[in-house]
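Below, chain A partners chain B and then partners chain C, in two separate complexes.
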Partner chain A sequence: MKKEDTVKLISAEGFEFVIDKKAAMVSQTIRNMLTSPGSFAETEHGEVTFPEINTTILEKICQYFYWSLQYASGKETEFHIEPELTLELMMAANYLHT
Partner chain B sequence: MESLLVRICIEAATESAAAVEKWRRQKRTLERMPSHLSEALLRHLLQRRLLFPSLLEVFKYSIEEIDLRGESCVDAEWMAYLGAFQYLRSMILADCHRINNSALWNITGMTNLKEVDLSRCSKITDAGIGHLLSVPALEKLCISETGVTADGVAALASLTNLLILDLGGLPVTDSAMSSLQALTKLQHLDLWGSEVSNEGAVLLKMFPSLSFLNLAWTSVTNLPNLSSLAYLNMSNCTIRSLFEGVGHKARMKEVMLSGAAITDVSEAFRYVETSRLHFLDLSYSSHQSFSFLRSMNALTDLNLSDSALTDESVEHIACIGTNIRYLNLSNTKVSSDGIGALFGHVPNLKTLLLSGTPIDDTAVSYISMMPSLKVINLSRTNVKGLIHQEGDSPHDVSSFSALKNLSHLEKLELEEVNITDAALFPLMNLDKLIYLSLRSVSLTDASLYHISSAPKLIHLGVRDAVLTDGGLDSFIPPPAMEILDIRGCWLLTKDVILRFCHNHPQVDVRHELAEALDKRNFHYSSPSRGTMRTSQQKHKQGKLSVSPHRSDDIFLDQRLRYTREELLALQFSSAAFSTSTHYQGN
Partner chain C sequence: MSQPSRPKSPDDQTAMYIRVKRNKTTYFLQCVPSETVLQIKEKLEELIDQPVNDQRLILMPNREVLDDSKSLADQKVENDAVVALTLRKDDNEFEEVNIVRPNDFYQSREGDGGSNW
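The block that comes next holds the complex of A and B.
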């Protein structure tokens, strides 16, 4: 996997998730960060830090990105969410427009 | 509006009472949740019957708007929690029958509250109004059909920030009206069914911003000139004059005079500035002259159903036809000649309702030359679908084949007309048609077969027809179909309907026998409120226990067993029973 095709998402605790750019683009917010004109740090290094999103939630978000790509291509599986995570995940999803 | 992941999260959070227990202690997260998310979560909890008073506590800091309309469980305990919602702007409690004056006490001192809807909370009386007066920021208040009297209404005068006030069905008197003069910001005033007379109507001039006024079912006959008005409802009033008087004339946008007795219609409209009038409802009115329509060039919606309109008056509509999009002439004496006078003058007409008129197939050919039509109702007319050819031509020509010119036609109603299968044949060429409703005893399986080739059909009604089991079995519904209404097709048997439902689960079948099946198979995620109530009762009985009398037979459609009179009697007795238990409960 080439570096240009991936992005690094960094959680509040500093954990790094390297995922496909295509998957990250599921989030409208990340898409805007990566494609906006001008040389934002995010655009240049392909790195986005989320000081508000903890590691557990960010991991779930990444899983969702991949699930969403599959779902869009017609594979209908269920995306399971543990009830404990629903509130935090909902707020992260709201922030990420996904 | 919400994104997919937000929706999945809400579904997961409201899946069961156990799921709720998993997150309800996450207080800090709940406190900083954006209001639109917590409102969506709360709405889902309510729909799933998982909301109870003490759970409301967790939403204390995040909810700005709450809509509990029609929730019969909402009582003083709920209100005690809601009273603590610091940022609440809007509280809708319409039809919450358990709300009484003491429950309302909880809203005293809610400084951010701007909107309160207590419509039809019949236990609210003047004492409840006293509690409302301590919410000075109130801008919108709906207390229609409550137990409030004229004295309670007069007391509202101290809520000087009110913009919208709905007092429908309350005994508002002229003297109560004069107390309300302090509400100078008022834009919207609903006074239908009140005791306001012409004397009170004069006082309406004291509201300089009033743009919406509803005086339906009152004894007001002369409305003074209210220069800021744009929307007026005086349905079922006796009208002598409108806006007579000096000064700038109101530029009306919508006027509803359904069922109004207008002494002299030209005289009544003399002072009405109609250059911006786009909506006029004159249904159920008895006046004969329609020449006043000529000045209403901006009209887009015109309802003249059940009026004395005749073919001669149709020319007045044709004059102003350019902008008309909706025209309702149902149950008038307009015949095919009248429709002929209309054609060519209504280029933008989208909806044409002609049910119950004496039009015949000639009108269909005029109608098919009105290019923008989307919705047509030809129920209970003399339309037969066939035009008899002169001379020795052996075949009649189908009049519906002309409808294929209407490239936007989406909805067609042909109930209770004398049509045959052959006449319907051209309808399958209508490739935009999504709604078709037929009702005739002379239709057979052949109609069902033809129609199955209409590609976009979502709703199909073939009621009272001679459909057979074989016909339904071989019917392949169009791919988009959601509703098949075959009520009154008495030849069909339960097994065949059941098989059809099973083979085509996406289609909601409406039939006397299918309804019995539906009720037996209900499950509690159904969105319909009635079903949810039943399921809630089931919950109370305990999730797994099935009461012994719950046999399948009790869900049989009772209409099959009783006559109409017996059913009405039953309905009455059950209503009486439920009211009596209601009172015992309180």
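The block that comes next holds the complex of A and C.
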């Protein structure tokens, strides 16, 4: 895995999650940022900051991206969501088109 | 019944991932259970520019130091596992495990509001 193939997602509290671009592109919003021709600053540095998404939720979202890739390649497991995260996670998912 | 459109070879890179954590950063690494810890460190080297010899990986929450030559499966590193990364310091010793959790952070900021939405 090369650095160029990863993207860094930064939470409201400044925690960083380095994930595969392929995984990040599960999110339509991030995919647009990374692939649109009008070069976002995000695309050039491979960093996206989400000031509205807290760390716990952002980590859960990254886990979801990877779970989603596994699921697409045939591994049928459940994705566990703690009840107390549900609302914020849905709001973030809506924003990310995930 | 197998579905031909969904390949399930053991080399499938989506087989599992681990979360390597140090300070406020988490690296999600895709891997397969048969990979050795050394191979994981080589992947990390690409990302963090630290040679494999200066990396130590520790399986959480039991803090077992992982052996380079053994595979992930051998050392019970499973999908979604959290592994702490420590680096060699100038004095040649490895630093202590340091993983900052967002909850610790909230506590230290208690009283300044802190709502995100």
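For the reader, a short list of remarks on this structure follows.
Rule of thumb we're sticking to: the second predicted complex is superposed on the first by the 98 of 98 C-alpha atoms of A that agree within 3 Å, B and C clash if a C-alpha of one lies under 4 Å from a C-alpha of the other, contacts with A are read in each partner's own complex, and residues count from 1 in each chain.
Here is the rule we use: a residue touches a chain if its C-beta (ideal position, glycine included) is under 8 Å from a C-beta of that chain, and two chains touch if they have at least 3 such contacts.
Small disclaimer: the values here were computed from a predicted structure and weren't measured.
For the composite obtained by overlaying on chain A, chain B and chain C can both be accommodated side by side without a clash.
When both complexes are overlaid on chain A, the residue A:Glu88 reaches chain B and chain C alike. In the superposition on chain A, contact is made by A:Gly74 with chain C only, not with chain B. In the superposition on chain A, contact of A:Ala12 is made with chain C only, not with chain B.
Working from the superposition on chain A, the chain A vertex angle toward chain B and chain C, CA centres, sits at 130° in steps of 10.
In the superposition on chain A, A:Asp20 contacts chain C only, with no contact to chain B. By the touch criterion defined above, A:His97 reaches chain B but does not reach chain C.
When both complexes are overlaid on chain A, the residue A:Tyr64 reaches chain B alone and has no touch with chain C. Taking chain A as the reference chain, the count of touched residues is higher for C when chain B and chain C are set side by side. By the touch criterion stated above, A:Thr55 is placed in contact with chain C alone, chain B being left untouched. Annotation: superposed on chain A, chain B and chain C show a minimal Cα-Cα gap of 7 Å.
Across the two superposed structures, the residue set of chain A contacted by chain B and also by chain C is 88, 91. Against chain C, the residues of chain A that register as touching in their complex are 1-3, 6, 11-20, 23, 52-56, 59, 62-63, 66, 69-70, 72-75, 88, 91. Chain B contributes residues 3-6, 8-10, 12-13, 15, 18-20, 22-23, 26, 29-30, 32-34, 37, 41 to its touches with chain A in the complex. Chain C contributes residues 3, 6-8, 12, 14-17, 24-30, 43, 46-47, 79-80, 100, 102, 105, 116-117 to its touches with chain A in the complex.
Listing the residues of chain A that touch chain B in their complex gives 64, 68, 79-84, 86-91, 93-94, 97-98.
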